[in-house]
Structures are given as structure tokens and as C-alpha cells.
Amino acid sequence: MFGKMLENVRNTCPLVHNITNYVTVNDCANILLACGGSPIMADDRDEAAEITSICNALNINIGTLNSNTIPSMFLAGRRANELGHPVLLDPVGAGASGLRTDTARKLLEEIRFTCIRGNISEIKTLAAGSGTTKGVDADAADKISEEDLDSAAAYVKKFAAETGAVVVVTGATDIVADSGKAYCIRNGHPMMSRITGTGCQLSAMTAAFLAANTDQPLEAAAAAVCTMGYAGELAHARLSEADGNSSYRNYIIDAVCNMTPEQLEKGAKYEVR
Amino acid sequence: MFGKMLENVRNTCPLVHNITNYVTVNDCANILLACGGSPIMADDRDEAAEITSICNALNINIGTLNSNTIPSMFLAGRRANELGHPVLLDPVGAGASGLRTDTARKLLEEIRFTCIRGNISEIKTLAAGSGTTKGVDADAADKISEEDLDSAAAYVKKFAAETGAVVVVTGATDIVADSGKAYCIRNGHPMMSRITGTGCQLSAMTAAFLAANTDQPLEAAAAAVCTMGYAGELAHARLSEADGNSSYRNYIIDAVCNMTPEQLEKGAKYEVR
Amino acid sequence: MFGKMLENVRNTCPLVHNITNYVTVNDCANILLACGGSPIMADDRDEAAEITSICNALNINIGTLNSNTIPSMFLAGRRANELGHPVLLDPVGAGASGLRTDTARKLLEEIRFTCIRGNISEIKTLAAGSGTTKGVDADAADKISEEDLDSAAAYVKKFAAETGAVVVVTGATDIVADSGKAYCIRNGHPMMSRITGTGCQLSAMTAAFLAANTDQPLEAAAAAVCTMGYAGELAHARLSEADGNSSYRNYIIDAVCNMTPEQLEKGAKYEVR
């Protein structure tokens, strides 16, 4: 099923509007191209809504939010809602500053999100105000262990029910859930956390999967998570002794670029809880 | 002749002022260094004109234009005109939003451009208001086929005559024309469209070629287009089975870095129409 | 000793707040992760001070400063001073525009910097108003030769005494000095100047070293300089014939990622003057 979803991205080449941070934006654009989508970045309020209207999905990432781009997030989000486009929120660093937490919360109040993707600290911040975000990475205190997986899945399902969104919590084990069903995904490699922006890249790519598979947002998001994680495994297997995190970054995008639907179908490691 | 033009870039190390988007800016800087130029990025209105005055060329790219950077484009453009510096316009996404189309048109009215580089949809938008831009990529309906090449060359020459600029339309076959002469260039590889920013990179590099070869802007632009396209061929030949678009991006810049004037002379594939 | 300092970065994983340019920001983030630190980028005035307060060091880089980010530099700098966090200034392009020179000078007046890192032209601009900055690179007229090394070291020590900061001047030979002692470092490779942002990356990494070794800022900065330079040597040795500046960029970050304290200890090439 996940293979078919990747195939749908390749066949429909969804155009994804990204209002995102300037740190990882180039990698977001290249991974969108790698998976078969097409990126456009536009964050000025004088064009944000118009650009969204010619796109197939909207990816809002608050990684380097500022007073110019925040209004654009709302303008584009509302327009995307009107048009019925999938909209994704990546609440980068929610909990690390009042501006980030407040902006993410207001976005959740005013915009209907198809999907919310963050680490556990960011999601906890939004769900309960209890996350302890350490910069843009999840805090150790929030980490999900194998023993906690059932309760974590229940927690994510509950937040999904409250928001009406598919919620993606990425970590050692990723959880992708709507109100009724949770995919626990075991693809990926620990070294992915030594690259900046694997989360941002996943969010951008998830928006493309949502656009190409509008009738199954839960499975579309899970397929994107498996694609990213499995690419992380394939890329890691390719590392030479001299390669480090910078080459690894390139290899992950390369692996997405070369991934076939059949490969993904075989490589995806998940269970439903 | 094109080899000599690359050599001139290497020998004079032109400093290129870029007011450009934050998506592909790092690759623009690295390809400028690769070809033998030197980059500086500065987009605040309080320094845009001053920075331009110490540079040898100006590259204006509207890829992520906003209310802060648009005035800087005009300020720098006017100063570069006063100083007789080559100025290039890359109208990224013209046709995709009113802000982009209007800004590009106003720039064309107020600034004298040495060169305008875009895909066919962007150029059609500027020339006739008829382009059907799909995001930042050319629309299929606008694509130039081999049969249409003569009429396309005539079209590009006409726009060149109207603007007084060398016009570069990149696609499967690239057209580089002034009012009287068109180079049709067949370097490049289709996979280049799976990397973000090959167009932006070409624009930045073209500005360096224009600065190093001020007496022959048409040939300078054509030489830059051949350099980029031929680098795309060399880089493609180098791809291993596991390499994808991210490694390809690196290899293209590498190929520009290592390209000798002799190699370019031999590898350039063009005809004049 | 320098090996121990790298080990301290790896063991404490300092979170570095970067207010930096959008050209090289991704490489800054990846090199921070490579050395064992953690990056966060935030430049809006509504969160700059708050973000700094949860971090271990602040890196201010004026590479693409603008009217929105300049106030954030002051707000974050003051807060970091209040909290006793290490603060680093990278005065990119000081001397190239009044805005850059003035902003760097005002920052020096109002903020207490632990470290200032620039090329010789930028440092001369700040120290005496006499630098002749060519864009963002040092001007040939300012270059330090082997014969001038003693007087250059004295010059850097004097500026260090005036500012109370450790001053790092990077070039063919790097000088890292406080008021009493100068490390002259001979790591590195000339090809590093063909990559955009090796200076910015070094500044970001130096902030992490300062945070992990607060009691020895001079040695911490020298250790960071040796790490970057030695990584440049290791990465250069790894270049294949087809590799150019883009692959070289990746290999340098890779080399930092893989560098062990023992390797650094052996590879560091310096003398004290």
C-alpha cells in the first residue's frame, strides 16, 4: 500500500507550497524533487495566499518564523483550507520560546491541519503545555521508550482526535496516528539526528504524499515516514569510513530519489496499535 | 571562444552581488566560486546600492522576494546602471503570482538589464503575459520542441530587441539571443530538472561571465549556459547507481570547479540561428 | 589539550544560538552537529533574547544582516552577557558597507564579546578603520606573510586587549590571541577559500568550543581553529580527481564529524608567539 502511495506522488508530481525556515530549505526542496513532487517557497504576505492557490498542498514550518512570515502562514493556511488543500504544520521549537508556542497554538486554532509533525517535546507542548523542548530537539525526559509505546500511541491518538489531524511524532520509533489508529514505525537510523533538518525534510515530503493520496491521509503520512526512515537506513549502509553527517545528508536524499515503490513496500517496518 | 570566456572569469575573479532567494543561495555562492568568481549576498536597502558599487556585476533573483528585498533590488539595480555594471534578472516564478509578475515587470521598466534568464513560461509572462507558469518550473504547454526551435528563436530575439538585453531561455534546448543572433545550445541533461536551483545557479554564474567579458554579453551568456549544461553532462556520467539528485547537485558544482577552458571549448554543443 | 576540548564539546553537547546569514546557515548547523554541538537559529526580535537564554552560547554573524535581524543581535547579545554565556562576533564584510561596519562597531560597543573571528581585512576595519575589504574576502593588500607574522600577532594581541575578547584572524596562517598570548596555527588548505562559508562554519563551531570550555576561551578558540583547519587537510586528502569545491565542503564537515580527540591532538599544527 505504501509503495502505491509513493507511486502516486511520482505520477501526479504535486506542487507543494512551503513557508519554511532558511536553515534547511534547500534540503526540503531537493527531497521534494527526489520523491517526485515539486517545491515552491514563498513567504511574503502579498503573495502567500495566491501561491497556495496554484499548489496542491501547503507545508508550514515555524523554524525561523518572524514578523513578516507569521502573517503569511495564516493567510496561506486559510486559503488552503478554503480550497480543501492538505495543510501540514511543523511546529519547530514549540516550547523553546513564547513566540513559537503561541504561533503554533494560534495556527492550530485558526487553521484546519491535515497533519501535524513534530518531535515528542513539540507535540507535548501543543497537546498539553508540558513538553520540555531543548532547542529544536526533543528533550531526553520526553523520549518514548519501547515500554511506553502503547501509552504514547494512545496519547498521540488523543491529540489527533482533538485536532482532527493526522499526528506524526518522530523519534527512535515514529508514531503516526489519527483518532482511531496508530502506525508505529521502526525505520530510520540514530545517525539521522546528527543531520540538521531531517524532520523538516520529512514534513515537506509528507505534504507531497498527502497531496497525492488525499483520500487516505493517515496512510499517506505513514508512507512518507517509512520512505524517510528507510532512506536513512539505505543511506547509512552506503557510508564509507570517511563519510560523516554531510555526506549522509546527501545520501538520504539520493536514496529517496532512487527508491522504487517495490523497495518501499519491502523496506517499510511498521505495526498498527 | 567560450573557453577564453571562462578563462577571463578565472583571471579576473569578478565579485558578483546577489540579491537572491534563500532556497538556493548556498549553491549560487559555491558555483560562483567554482567558476572563478566571488559571491557577496546583501539585500537590505541600507546597503544594497553601496555593496553593488564595490562589485563587478549584479544578479537579481526574485525567488523569495519580499517587502524588504524588493526595494533593495531597485536601489541596487539603479546604482549598477549608473556605474555601467552588468545586471542580470532571474524572474523566478513570474506568472505564478501578481507580486512576482508585477515586480519583474517594474524592474524591466526601471532597470536596464544586460541579461534576462528564465524558463520559457517566465519569459512568456514577461514578453506577452501569456506564459502559464506552474510554480517555478516551465509549464508543459510552453515547452519548446525541436520543430518549434526557429520560431522560438525568433520569439526570443524579439524580446531581446524590446528589452535591449541578452535573453536566455533554458529548457531541453537553451536559447541565448540578442536582437540579431540566437545561440541554440544542446548541452545539459534532463536530470538537472530534479535538482532545485540549477537555473538560479546558472544566473549567478552568468553574471560572473558577463562581468569578465563586458564587450561580448551575448557570447558571455552563451558560454555560461554551455558551462552549466556541460557540467551537467560530466556530472551525470559520474553518477553511481546509489547516487541521486543530491549527489548530482554536488557533482555539477564540482564539474564547474574542475572545468578547463579547453574542456569547455570541446564540450560546448551549439548552433547559431 | 585541544583534543580534550573537542571531547568536552562531544560530552556536553552545547546548544548554540545562531543569528546568522542565510547563505551558509545550513553548513553552520551541520558542522555544529558534526563537532558534537547542537544548533538553533532564531532571529526575530520577539524571541531572540528568550532563545538565547536556553542556549549555552551565542554566535552573531552579520553576513546578511537586515533591519529585522540587527535589533535581534543586540537583544540576544545583551541577554547572553547578563547570563554570562560566551558570545562570538563574526563581522562578515565589515568594511564593505557602512551598514556592516557601523553595526559591527556598535555591537562591539554595547556587547561584551568572548571572541571575535574574521579575516584580516574585517579585523583591521574594526581595529583601526584601515581594512580594505573586498566583498566578504580579505583584500590581498591586507594579507599576512610569514615575515609579518610577529607584527601581525602583536596587532591581534593589541585588538584583543582593547576589546577584552579572544581575537581569531583566519588566513593562510591563523592567529588566535588574547592580550598576552598568540597561537599561530598552520592547519588548513588553500582550497578552503573556494568554498563559501568556511569562516562562518568556524565561527559557529568556535561558539560550541567556547561553551564547552568556558574557563579557557583562548585555547578553546584555538582548538576550534585547529579542528576546522585539520578537517580541511583530511578532506583535501580524500578528494578524487572529479571532486571539486562542493564535494570538498561535504568532506570537511564529514571530517569534523569523524575527528577523534586523539586525531586532533596529533594533527594540530601551531606555535605560540
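Remarks
The chains carry the letters A, B and C, assigned in the order they are written, with residues numbered from 1 in each.
Criterion: contacts are C-beta pairs under 8 Å (C-beta built on N, C-alpha and C of every residue); 3 or more make two chains touch, one makes a residue touch a chain.
Just so we're clear, the structure is a prediction, and the values are computed from it rather than from any experiment.
Rounded to a multiple of 5, the C-alpha superposition of subunit A onto subunit B involves a rotation of 120 degrees. For the touching copies subunit B and subunit C, the fraction of interface residue numbers used by both falls below half; the interface is of the different-residue type. Rounded to a whole number, the gap between the C-alpha centres of subunit B and subunit C is 33 angstrom. Shown for subunit A are the residues in touch with two or more other chains, namely 22, 26, 68, 249-250. Subunit C makes touch with subunit A in their complex at residues 15, 22, 25-26, 29-30, 33-34, 38-47, 50-51, 54-55, 68, 234, 238, 249-258. The residues of subunit B lying in touch with subunit A in their complex are 21-24, 26-27, 63-68, 93, 96-100, 134-137, 194-197, 241-247, 249-250.
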